[in-house]
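Order of writing sets the labels: A, B, C and D. Residues in every chain begin at 1.
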Amino acid sequence: MSGEISMCEPEFGNGKAREPSVGGRWRVSWYERFVQPCLVELLGSALFIFIGCLSVIENGTDTGLLQPALAHGLALGLVIATLGNISGGHFNPAVSLAATLIGGLNLVMLLPYWVSQLLGGMLGAALAKAVSPEEKFWNASGAAFVTVQEHGQVARALGAEIILTTLLALAVCMGAINEKTKGPLAPFSIGFAVIVDILAGGTVSGGCMNPARAFGPAVVANHWDFHWIYWLGPLLAGLLVGLLIRCFIGDGKTRLILKSR
Amino acid sequence: MSGEISMCEPEFGNGKAREPSVGGRWRVSWYERFVQPCLVELLGSALFIFIGCLSVIENGTDTGLLQPALAHGLALGLVIATLGNISGGHFNPAVSLAATLIGGLNLVMLLPYWVSQLLGGMLGAALAKAVSPEEKFWNASGAAFVTVQEHGQVARALGAEIILTTLLALAVCMGAINEKTKGPLAPFSIGFAVIVDILAGGTVSGGCMNPARAFGPAVVANHWDFHWIYWLGPLLAGLLVGLLIRCFIGDGKTRLILKSR
Amino acid sequence: MSGEISMCEPEFGNGKAREPSVGGRWRVSWYERFVQPCLVELLGSALFIFIGCLSVIENGTDTGLLQPALAHGLALGLVIATLGNISGGHFNPAVSLAATLIGGLNLVMLLPYWVSQLLGGMLGAALAKAVSPEEKFWNASGAAFVTVQEHGQVARALGAEIILTTLLALAVCMGAINEKTKGPLAPFSIGFAVIVDILAGGTVSGGCMNPARAFGPAVVANHWDFHWIYWLGPLLAGLLVGLLIRCFIGDGKTRLILKSR
Amino acid sequence: MSGEISMCEPEFGNGKAREPSVGGRWRVSWYERFVQPCLVELLGSALFIFIGCLSVIENGTDTGLLQPALAHGLALGLVIATLGNISGGHFNPAVSLAATLIGGLNLVMLLPYWVSQLLGGMLGAALAKAVSPEEKFWNASGAAFVTVQEHGQVARALGAEIILTTLLALAVCMGAINEKTKGPLAPFSIGFAVIVDILAGGTVSGGCMNPARAFGPAVVANHWDFHWIYWLGPLLAGLLVGLLIRCFIGDGKTRLILKSR
């Protein structure tokens, strides 16, 4: 590796398309290192959150959890498989936090990624509003999270968001970044994490696991009740997963303690 | 590469079966370069659209969107995994347009591909009619798209078709053609794009994303109301995805602007 | 290749476990070449058909087609991924016929495979009977095919079985045997073929596509009405797919006509 | 292989992260060989069983078997894809038994694995209790197995657990350990085994296949009726699969009889 490494660790590929520079080294342009990953995070977040919100708006809550679970999970899985080689395929501020903590994303890119993801979330939610009949849109509160209605639910919802996001962030960090465990099925594993998280936790907290997914529709529908749960829970889980990997389950290169010799 | 490259970029393989010619170069016969891809596009489109139409005709509209979504998406995914190495696995005129724009299909093959896909669509829809009881067939209008019933729905349906097809065409072009991002999971990613598109947009526009899927049953059931939506929306999205990749998110080889040096 | 090639073409692997013989060649024992593939076809067919029959018996017909479709399709997919490297992973006489026609199975093994698959089907259906309450078993006719009740349905059911099995046999022969198109996702593609075939054709013909799946429960429940449909349809489709690949869509090595030079 | 091999056979990777030791050999630290696999079995079992139990508690029994089947199966599949390279990805005492019998797990690790899996099961079930409303938790008996209510069901339930676990243990042992048949799709194959087992056997025995999945909620809800079925059935199946592979279907390296020469 030289000083010209990519700012984000491309997870699902081998950088086949890098362009050669003088001296025989492979050189990636400034555009591809800094701008394209952010563009792709914005685009992927917008498409994923458009699908997620629209599936909730159009189907109401009477068809059970299978439909929103599959829509969110398969959409995230396919967007990671499709665009992950450029940006790492986070589309989620909590995942970017965990990736940064374990060395899978350069710290200078964390804020740009977060901004891109939140903008993508707003764009996706706005597009979902644009194609929905108004009545359906407002009946579903624009797909903002409305599961938590009273203070008695808060602790359980926060706890659920932490555990559910832990599974998701582990699927990304161990399945796609940590050298010893990463593998070719990771994009779909991550999608499956979203499916099972919604099937299990959908009635406890809504199964958000992603501040950008919460933020977009909250802006578009101006619905902010208990919104902080969907920032605090996922980000705490991102922190937790980062520490867990750095201390205990990461490979020899990633782990900071318990190393051999 | 020599002058004897294949007319379509085989996406999911390495052309293991090419036959050697004099001089040590690999040579693909005229039949394999021009005729077989069209045959395969016709066959795959017919089977995929047969499954899609029959799943709609036989199940009516009362079992929710899961059944048609899974039938269409998994059928497309498996047909691409099975036949994609021969033709690129488009089975969709809008996808062929996007693939042509980014250099994944030779321009001279675009029209033959379109004709093959539309013939396949008609064949698939006709076979679905042949095995269905007449009453069920007509109740479902032969699986033609009937979601849009009045002019007030047109703008939303057209918008939805554009966004939904954008996700599908991105899954093909970035997941299976663009060097930097293509990967082994692409056939199923593309199938998942169809699943989530139908789950999210099925009640807005019907979730067609494919002029051949619209055209086949429209001919067989002679149902042409608002048919143009399913040509204009997907083809616009194909154009949009082609431009997006050529300008912004393609790799160094594909992008026309913002190149290094 | 030498005279000591395996009798069945192992589809999903590279024969890593072959034992070396004198002279530096790799030698596979008589047991591994002739007996183990038949054992595995029997075991896999029994498990796959046990799952299929039990899912029909226990759930009746009132939960829609999703449950039997997923049970049959995912069970077949996983059994192929798990055991396919030993026997080719057919578990279906019609598929073995098509594989034989295109050179993916040695002709001397066709009859032993058929016997193994039919015995597996009977074993699976008998085990499903053993663990089911008698009332449920007889209500479902032991998961034998009862969709066709009168002569007016026969032509449509036979036609559907032919087309549905064509998709399945193509997924096996093109996805796992034909050199140019075979790929790592084939086991799940084949499973998806079963899922979409049942979702689309379940109410037309029952979506059998497999004489062994039909025969096992027919024996155990002694239900033989219109049983011949599930032999004639799938075997005709196996023949059709074999010819289609040999004549038109196979690679240069497999195709008998239209070859270069 | 040297004396410094890993205690568990990492199934889905190539040990890329092993650290070099003096003499050019690759050396894995004591921590990575003995402690980390147990930690990972505990963590994975806890997350998988948390998802499984919560999906049952929150959804009751009125939404059919699709929801619990997909939640359990996809959760297991993703946890294996994510963590399997460290511990082999068992998360199930019956699977660890079968793996030990065929040489995929060192005998000295069997007891530590079992303890880790049972602790993980208790932790997962306790977390599921913590985030659930008390009423829902007790209505579902904390997701403990309550399918068997009377002695007349015992034989059928025990038989079903044996056959269902056989399919699961085969998917692990043949798909991920046996050299000749192991392949990249194994994590999802194993998940699919759980899905189809629950779809088929959910109403016969509950579809447990895993003493740790049974034990965790049994402790937390203090529900022990017919609990022994979920130990005896799966462990017998583990034994059966071990013998089957060692005697008949394993590759040349694994099989103890019927070897060539």
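Methods note: a residue touches a chain if its C-beta (ideal position, glycine included) is under 8 Å from a C-beta of that chain, and two chains touch if they have at least 3 such contacts.
Here is each chain with its UniProt name: A, B, C, D = Aquaporin-8.
Small disclaimer: the values here were computed from a predicted structure and weren't measured.
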Interface residue identity across copies chain A, chain D - same or different by half: different
Chain A on chain B, rotation in degrees - Cα superposition, rounded to nearest 5: 90
Whole-Å gap separating chain C and chain D, where each centre is the average of the chain's CA atoms: 28
Multi-partner residues of chain C (at least 2 other chains): 66, 184-185, 188
Listing of all chain pairs that touch each other, if any do: A-B, A-D, B-C, C-D
For the chain B and chain C complex, residues of the former touching the latter: 12-13, 15-19, 27-32, 35-36, 39-40, 43, 47, 50-52, 54-55, 58-59, 63, 66-67, 70-71, 74-75, 77-78, 81-86, 127, 130-133, 184-185, 187-188, 191
Residues of chain D defined as touching chain C within the complex: 64-66, 69, 156-157, 159-160, 163, 166-167, 170-171, 174-175, 178-181, 183-186, 188-190, 192-193, 195-197, 199-205, 248-249, 251-253, 258-261
